[in-house]
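See structure below.
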Amino acid sequence: MSSRRSDTIEQGAAGAPLCAGFEPRLTAFVCNWCTYTGADLAGTSRLHMASNVRIIRLPCTGRIDPLFVIKAFERGADGVIVSGCHPADCHYTSGNYHARRRFAVFHDLMEFVGVDPRRITFSWVSASEGAKWRDVVNEAVANVRALGPFDAYRALAPEDEAPEDGAPEPAGEAVPTGAARSAS
Amino acid sequence: MSIYLPQLATVTDLVDETPDTRTLRLELQDAAARARFAFKAGQFGEYSVFGAGESTFCIASPPTRQGFIECSFKAVGKVTTALREVNIGDTVGFRGPYGNWFPVDDWKGNDIVFVAGGIGLAPVRCVIWNVLDRRDEFGDVTIVYGARSVEDLVYKRELQEWSSRPDVRMVATVDPGGQTAEWTGEVGYVTPVVEKTAPAAANAVAVLCGPPIVVKLTLPVLAKLGFADEAIFTTLENRMKCGLGKCGRCNIGPVYVCKDGPVFTAAQLKQLPPEF
Amino acid sequence: MSELRDIARAILADGRARVVIGWEDARRGARPVFATDPDDADKLIFDARCVHNLVTYLNPRRDNVAELGKIALVVKGCDAKAVAGLLREAQLGRDDVVLIGVRCGGVLEASDLGQPLALTPENVAPRCHECDVREPNLVDYLVGDPQPDPPRPAMTIDERIAALESRPLEERWAFWTEQFSKCVRCYACRQVCPLCICERCVAEKTRPQWIEPSSHARGNMSWNITRALHLAGRCVGCGECERFCPVGIPLSLMNRKLQQIVAERYGYVVSDDPEKPAPIGDYRLDDRQEFIK
Amino acid sequence: MSIPPIFLTESTLRALAADLLGAGTQVIAPVAVEVRTSPSASASAACRHPGAAPVEIEYRVLGDAAGLDLGRRLPVLSLKQFFLPAHEALCRWRQRGTTVQVEAVPTEFAPQVVLAAKPCDSAALAVVDKVMNWDYADELWNGRRAATTIINLACPVIDESCFCTAVGASPDCTKGADALLTPVAGGYLLEATTEKGWAFLAAHAERLKSDAGKGGEEPLGHQAADERAAARARAAANLEIDAASVRAWIDSHFEDPLLAALAVRCNGCGACTSVCPTCHCFDIVDEEEGVGRGTRRRCWDTCQAPTFTLHASGHNPRDDQNSRYRQRINHKFAIYPLKFGEVLCTGCGRCTRVCHAGQDLVEILAAIDVVARRPSTTTPGAPDTEAAS
């Protein structure tokens, strides 16, 4: 499957090999109370940062299931960010502590399975840390840019699946509506 | 062409019958297929929302009204919840008609008693309209319909219409506690109301559909009223995927609901192993 | 053996349990047996072919077994850890089951043998090397002679993991995608797991459909990672998932890796002590977080 | 039309496979696959075959003729995976607003050849043909069946789980196949049994001529017949049942405690249905691959899973494992024979071998056969599941 390409070639991480024209796509799962507000602050403060991240807001890092990360990769993400409140700051007291253990295990297991850990960024970003969010995003995007598109995950797609939008139409005639089959 | 390929159909009308039950009217998009489409009362189809999957319901509109089909369903699972979200003009998938049917043509000259509970009126409604659209061919028509509450009654406008027809004896009931101040129908469970209504069994057939408990309790009452097992018809449902006798899950012992049913007589039900 | 049979007979005779679940010798080797009559007690055996973790029959999903009445279960050390897991997660009360522990010096990998074989590095179940419970503690009765440690397998699971980890990421990914591509999604791994207790598995949840049901490589990756993760800190290493897998996916490598992770990060080693809290669902304020920015 | 059996050496057989591959024909055949990656599989192999390399045999799309395994052990998964794949697309959709485009999948397939198929596997295809054509023709199944020429290899490897002869198949049957290879000294005898088989022989006449005269036909034929008879006898020694009585008994003893007693150790893992050559039940699922696009697939399903029959309302007609195990036995040995005239089983024994809980279909059928042949139709007292062992 083809990766997305843009017309402009952007600067990658220092010294990292660039995949020409590759614009990484990252999904960020963030908690509502800290990181989302921090990301909002980064925006309202007009901080410059990579625009490759799509944010999905959840109540708490404790609500972020590793399956979300897997689903993001399934749907074409090249990288994922999981971020929430610093230890001791959880709106629900201990959600981030539980998440920390769960994601530590997930992090180690994914590395064992062969996923480059730089594709999954974990961070604590508070509501006041707009600048930290910018740095986390820029670094995550630079890392993924250096790693290139996550074609290894996309290669898991079954051969018989419907092509992505914008991809050439599949060979074979499209079925005219309704003429699908005659009633028995 | 694969037998699993759905036809496309446009939602041309919808009625929210109760807070969780909806009726959709569908028209096949292909004109030739629409013209060719024919079915018999009691048959079912596989309806799909693309992305959610397929679900099985009987066709709730009568074969005497052509150019469209209707289905009624309760939003309980993945597909029905998705179907609950569609709007007029949307496209859904349809496969069918499948299964056997009520032998309505064999009932010419007979009295017909319809007994339904809850959403079980959907398949019965198909037969009711089929009979009413050919009213001259049949004797007395009695309908006993019950739901948990007034709110849960489906096809409310049609219940009104049937009540007002001189050639139909309509008895509607709601479970005790389910009535409202305005309710003028019966209050009580379907089964005792059937017994009280006491339709004549001579030269009559009964069509019965509802939750398993209603069917189970009403069968002996109909027997007591003099209905032979061969004169009581019901329609069963089971989880299905293909509707074509292939996927292997809807069987009750040696009987495949999708192919050998869904319409069975009480006599046939008694032959089935107790697994439904 | 007579000790085991005597206890089982007595338990059935005086009604302390209605069924004793142990092992018997059958046409195709050792297998589970459900002894309901005191006379059935003579069917019971225990030898190196008794590999099955019978705790799967205590799983709350097994309603047809529960219908038999109160259960007495014959448990090896690894099996007792699974009982502890069910107790820890409140799936079972301690009084709901009678536990007859057997001292175990390791088992063979295969049960379908006419005679037990002497354990060798080649035929010993590799998981027995990682198990340190020769004598289960969580028992009501304990039978058998003290046992030596089993022979070290030709290649331990830890050594296999180390070998895999010495390879670059791309090779590991290739290895696992090939292994998972064999999966036909029969879910045998889940059905036989004594600790897969969910009444409705996440793989069966459809709103939304988190895990694609088809057995293509993408759905299989999602399922196999999720299955393993849901057992992190809970898996007792009994190996039933891998043994039942009809296509031979090395699930024990995943499960053992997770045991290593929780041991290394949280000092947790699975045991048959139900009072010891499991590592996931628990936390310390100073848990290591070197992977978090 | 009939062509006498043709003698060919193993090297000619491999050359034939190479010819097919060279012509671009897909060849499916048993292949030896290493199992070293799985710790328990290697230890398990060491228990059963001390000293032997831990390999499993699997049907695979053949890469080169050297990979063809003629060791004749039973592949782990049956041949059904090439006719009813574990998952396959039924259609693809693309939705934009209120319009939907549905794209059909092809139901015609390029010709392919199965070499050295197990007779119990080809026979299973012929059995499943019936349900796949019950009033509605499953074109995906039929398309693959039509495109495939199957050449069986007579099977002398009978272990304690085999019982093909008890259920209408045999180690050398050609049911569902087009030709049969029978091992003889120095090579194989190849005989075609269908038009497709004869066409195959004709198409490869040049190659098959190469060993002409190398084997004297009469003694070879006898040799083959002896080996085939011996294999049949070994399978028959494992199990003989009166299929009609078994069918009648199951059909009339739905709630007999024997069926429940036979099910108790079953874990409901469904591995048996995955490896079974005749289990054909499937699920149909929509898999979204992005917003507004996706694929409707069918994938293998198992009657042993509670969700198989679970209604959306929460009601489940088969709500415990005993009822699900009974369904499997009932479907195979009563329902299918009643509907289609033959049992849904070819005696390959895979379900027994794959069951690590010790469910043994040979023993179970023998137990049912015993009660089914009894003059009385009721099972007195508590059943003894070990009655037949």
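Observations, loosely collected:
First chain written, first letter: the chains are A, B, C and D, and each begins at residue 1.
Everything below uses one rule, namely that a contact is a pair of C-beta atoms (placed from the backbone, for glycine too) under 8 Å apart; a residue touches a chain by one contact, two chains touch by 3 or more.
The structure displayed is predicted, hence computed values, not measured ones.
The chain pair with the larger count of C-beta pairs in contact, out of B-C and C-D, is C-D. When chain centres are set by their Cα atoms, the one at the greatest distance from chain A is B.
Per-chain CA centroids place chain B at a distance of 49 Å from chain C.
With centres set at the average Cα position, the gap from chain C to chain D is 30 Å. Rounded to a whole number, the gap between the C-alpha centres of chain A and chain D is 43 angstrom. Multi-chain contact residues of chain C (touching two or more other chains) are listed as 175, 209, 212, 214, 216. Among the residues of chain A, those touching two or more other chains are numbered 157-158, 175, 177, 180, 184. Residue positions of chain D touching 2 or more other chains, listed in rising order: 87, 91, 93, 100, 102, 104-105, 135-136, 283, 285, 287-288, 292, 294, 297. On chain B, the positions that touch chain D within their shared complex are 1-6, 8, 10, 48, 50-55, 76-77, 80, 89-91, 93, 212, 237-239, 241-242, 244-249, 251-254, 259, 273-276. Against chain B, the residues of chain C that register as touching in their complex are 206-207, 209.
Of all the residues in chain A, the ones that touch chain C in their complex are 66-67, 70-71, 74, 87-88, 94, 97-98, 100-117, 121-124, 136, 139, 152-153, 155-158.
Those residues of chain C that touch chain A in the shared complex are 161, 164-165, 169-177, 202, 210-212, 214, 216-218, 221-222, 225-226, 228-229, 232-233, 254, 257-258, 261-262, 265-266, 279-283, 285, 287-289, 291-293. Every residue of chain D that touches chain A in the complex is listed here, in rising order: 87-89, 91-94, 100-106, 135-136, 287, 289-290, 292-295, 297.
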